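Presented sequentially are two complexes of chain A, the first with chain B as partner and the second with chain C.
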Partner chain A sequence: MTEQNRFSGYSTLAKRDTPSWNAQTRAVVDKRLNDPPPRCFFTEDEWALLVAICARIIPQPTQRDRNVPIASFIDQKMAENNSDGFQHAGLPGMQQEWRRGLSAIDTEARLRFGAAFVDLPAGRQDEVLHMVQQADVRAPAWADLPAQQFFKGRLLIDIVTMYYAHPQAWDEIGFGGPASPRGYVRMGFDRYDPWEAVEHA
Partner chain B sequence: MPDIVPPAPRGKDGRAPDVLRPGGWVPMRQYRDSDEVDFAIVGTGAGGGTLAARLAEAGFSVVGFDAGPWFRPLEEFASDELEQTKLYWTDNRIVAGENPIELGHNNSGKAVGGSTVHFAMVALRFRPEWFKARTKLGYGADWPVSWQEMWRYYDEVEDALKIAGPVRFPWGPPRRRYPYRPHEVNAAGLVLARGAEKLGIKWCPTPLATVSAPRDLSPPCVYRGFCVIGCSTNAKQSALVVWIPRALAAGAEIRDLAMVGRIELGPNGLVTGLYYHREGEWRFQRAKNVVVAGYAIETPRLLLNSACPQFPGGLANSNGLVGKYFMVQSNDAVWGRMDEEIRWYKGPPSLALTEHWNYTDAGKDFFGGYAYMSQGPLPIEFARTIAGARGLWGQGLRDAMSNYIHMAGLKICGEVLPREDNRVELADDTDEYGLRIARIVFGYCDNDNRLRRHAVRFMRDALAAAGARDIWESESTAHLNGSCRMGEDPASSVVNADGRSWDIPNLWVCDGSLFPTVGGVNPSLTIQALACRTADRIKAMAARGELQRPAARPVRQHTAPRMNPVA
Partner chain C sequence: MGLPTSHLTTPSPQLPPAREAEASRRTAARRLNESSALLALSVLTDTSIEHDRGMFFNRAMVLPIIASALTLGTSLHGAHDPTPSAHRLRHAVAAAAAATGLIGGGFHAYNVTKREGGLSWHNLFYGAPLGAPFALILAGTMAVAAEHVRDARDGRISLFGQPAGPTLAALTAAGLAGTIAEAALLHFRGAFQDRFMYLPVTIPPIAAGLIAKAALERTPRWPRLTRLWLRLTAALGFAGAGFHVYGVSRNMGGWRNWSQNLLAGPPIPAPHSFTALALAGLAVLELLGTSRHD
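Presenting the complex of A and B:
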């Protein structure tokens, strides 16, 4: 994972006690870094499937101290029914879309490869996900839940959102992270402040 | 998921939060529900917040209602994208049509101050000809106000917000300099500048509603870059920071966490007040006038939900136009990788822009215009853009994200044409208050799509000329407008130029719903200018004793002043 080294030595969390972080940001991010919220919404089977899907959508390095518990944050969003603010006509809403979508993905895996999604090797799991993304699907459950729309509008968006909400993700892309009350001074091409990530060639 | 949210109303017991001082309070005048106040205003954003201040300053008794909480930015706004979703209107709404629009994060606020709490602060005037788009440019509809009059109110709003902008704005009629000096243009903006210069078009630093020098208790912008999820320093000149304190100082009352569910019509054909839900119960506020300022979805929703025997299709809706001619703006973008480090997360997201294609008509195969601006999405927003537009996931997505500090982007604020089919209506589902929720039907027309294609083609060239590689595109929409259009003809509009209902003389609209056309610039400055104009008109009508009499019908066509040629 080459991007790991690009900003090596950089940590947004190292700025936690500097003027780049205010009290409310510390409280919010601390909470996110605490033990993941307990599973409340998904069933055990759904949970195992969701964890497996997250691992393919955002593969995380095995060697680092802290990985982002994406599935936990999605479970929490569903449990709190934290809507994005809209629902497509004809679709059942966020919670049911996730439940039905997970079930349909598992059915798809069994139809195509004769095994539960969680039991497939990673390459096969990716194939199933690509089929869903391309709407090249056979499971009957997709009749009420357009595969492409579910993949793009729900699955991908939720997983990606939760990953890039985490300091671990900020560090690996060189994002400055929280920046209040101290913002930034150097704004031009190739300029950065002493409290920003240094990019290594 | 948000952790820091006021659990209970703060505007009560004779005081309101002082948003400019940590832990501070200011005194607030309060009215009883049984007091027949001069104006009950629903919504406290760019329309309602502005109007509340201006009417209170004119001596009227005013109560403003907002469904959202009264935040204290200094203590409660975090530098965190997920936490700050608390600023959005995320109550359920149904989206439908050929191009169902996304709602919430980029177009709907739920807080005292409305969407201005998380707007991008871009403060642009309409091109003068747009106020007579039908007559002068051959599309859409004419506005019932003249550009010269709007220009005076733009002056007022730009001064009220201490807009930071260039000394000479390159487009449109000559105008005075902006009140505050322009902000430094960041690398993301300099990419736009470089591309524009290579292609031979003008650009300029974006006029922004965030101060570039101290103003009272607002410090100059520190370029932290989290503007569109809420400014934690109060440099941003939102309605929460500018108009609401002015309204309070002039004797207005603002009720937060107060959801208005219905406007009541009396037997004499005048509205008598409104029902609102606060602290667990429905209450009724009496009022001589009701102003609806909930933005282009909640405004028609409230009017439609207030149907009664006299108006079975919804208040002010005898001609069936409430909710119709709803407009967004196209928000197509191009993105590319630069060799230089850009680090677009620093500074307001759109520090440079060009209005070339708003002011140039030659060479277009479409009606309307667009501005395009430099971009600075935070990580979640950008990851969602990549995933949505390119379908990337797995290692491919992580690799694409690893270019984050080298990325640059250009995005349009593009005009869409008003069409009756694009509309806000009521769904059968209800919300937590038992009120029917909104269903929003939207689709682009051929003209809209031609504009979008033109813009993407041009911006691709501009970004490439600036040195970007691996260029790709994304699409989205921004802003909510139309849906209670104003006009000169009661048959083809919901309200007149003053925002006053043709059907009910003491019912008014004051927000983006009024727009007959939407133009190619962000709407907030125009909404505020219209609110200031409405306040002055109300003051004048009150002085003449005309407030309880029906709105005057036009006696002849073309009563608006003729527009002068534009330099």
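Presenting the complex of A and C:
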């Protein structure tokens, strides 16, 4: 995947020593950047599966020194049970959703292609994920976990959120970074502060 | 001009020296220029900051900056000019500034009313401030008045065909009322969270009332109280700027985060409008005093 540079010349992390950030912001960002949380929640097998899924949902640029450890942050969220504050009525709660969902995806891969998800080639992995997304599933494990809802409301949300919450991914979307202490003043449509990123068409 | 000017021309029985009246008029003109200069400075700084916030989205947003800068220059020139007669360029700049303010008022009204919800509290709070262009109108008008006062060689000082003293008194009272309304609106928006935020809605209204009273009386009956209260209002402007500096520092990041907090915090140039209008009020008292002697 080629890294699209819509915000060339912009670096969120370059704001580190400007009035935009204070000591607390620097500490939080440094920790997230350099100190990924250790695996606590998922089993080793679940972990390998989660890492493989993350790599298919958000393939990361190869030219980077290191990838955003998406799975680490999802693990941390589950371990701390740091929920979104709401829950879909048809779903069993975030920790259970991930446990059952991972197991169901692996079963689905074995049923359809005769191998564990992690052992499938990338194209097949995409097919499995596509089936889950379309609720075109046969594994019995999906009986108490609506596949489509799990895919859209848990899998996608957590993976994408954790990726873009990571400082390494901010420049891609021209994210201003933490607004502490400097936030935004010009907030109307088509208005931007001088310390914001400008998108190049 | 066929309008009642008798109070300006009736000789006083004591007949004080004409030079005293002349000096008094010159003081008045100087004060009016000072008032105009201070208003122009307030407009210049406030507009530079606020129109930069608005990214000069409309190119006309640069006009009040030019107009106020020119008025500041000409009014400072006038305040230090011992020549007793009027100055045509100064007069023209002042009139142009007042016109710019008037047009700006139209733009601001359009900005507020074109927003979703029209003339709502929210849009009055967060749209282009309706009161702000009046400061430029007043800066121009005070400077125009200064030239008229200088030009009154025969002792008749008139403004827009009206006797200058009472007219300027009414104008000053109206200017104060507008500034008070602006402070009231924005301090209400700020929930009067600091007790001192009540000061600009308590002290200047009394000054406005005293000046309005003087305008009606023609010869002010409480000159000392009025003068005292105007000085208090002038001091309040300086104190207010100090409070606003403190207000900016209280925003997150304080003065180190000035590029945001100058805009997010209370406007530092705004309170000086009270000082400027109080100076105009003092000039008016001088004029009303002059009228007794002429």
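Rule of thumb we're sticking to: the second predicted complex is superposed on the first by the 168 of 201 C-alpha atoms of A that agree within 3 Å, B and C clash if a C-alpha of one lies under 4 Å from a C-alpha of the other, contacts with A are read in each partner's own complex, and residues count from 1 in each chain.
Basically, contacts are C-beta pairs under 8 Å (C-beta built on N, C-alpha and C of every residue); 3 or more make two chains touch, one makes a residue touch a chain.
Owing to the predicted nature of the structure, the values given are computational and were not obtained by experimental measurement.
A.B. asks: If we overlay the two complexes on their shared chain A, which of chain B and chain C does A:P194 touch? Say first, second, both or neither.
C.D. replies: A:P194 contacts chain C only, not chain B.
A.B. asks: Could you say whether A:R182 touches chain B, chain C, both of them, or neither, answering first, second, both or neither?
C.D. replies: The answer is both, since A:R182 touches chain B and chain C.
A.B. asks: Could you tell me if A:P19 is touching chain B, chain C, both of them or neither one (first, second, both, neither)?
C.D. replies: So A:P19 only meets chain C here.
A.B. asks: Figure out whether A:R99 sits in contact with chain B (first) or chain C (second), or with both, or with neither.
C.D. replies: Touch partners of A:R99: none, neither chain B nor chain C.
A.B. asks: Return the chain, chain B or chain C, that is in touch with more residues of chain A.
C.D. replies: On the superposition, B touches more of the residues of chain A.
A.B. asks: Regarding the shared-chain residue A:P59, is it in contact with chain B (first), chain C (second), both, or neither?
C.D. replies: first
A.B. asks: First (chain B), second (chain C), both or neither: which does A:N82 touch?
C.D. replies: first
A.B. asks: Would you please give the residues of chain A that touch chain B in one complex and also touch chain C in the other complex?
C.D. replies: On chain A, the overlap between the chain B and chain C contacts is residues 22, 180-185, 191.
A.B. asks: Can you name the residues of chain A that touch chain C in the complex?
C.D. replies: So the residues of chain A touching chain C come out as 19, 22, 180-186, 191, 193-195.
A.B. asks: Could you please specify the touching residues of chain A with respect to chain B in the complex?
C.D. replies: Spelled out, the residues of chain A in touch with chain B are 1-3, 6, 21-25, 27-29, 31-32, 56-59, 73, 76-77, 80, 82-90, 93, 126, 129, 133, 152, 156-157, 159-161, 163-165, 169-170, 172-185, 187-192, 196-197, 199.
A.B. asks: Okay, in this complex, where on chain C does chain A touch?
C.D. replies: My answer: residues 53-55, 57, 252-253, 256-260, 263-264.
A.B. asks: How about chain B: which of its residues touch chain A in the complex?
C.D. replies: Contacts found on chain B: 1, 3-4, 75-83, 85, 88-96, 100-105, 108, 184-187, 190, 221-226, 232-233, 340-343, 345-347, 378-380, 382-384, 387-388, 391, 393-395, 397-399, 401-402, 404-405, 439-440.
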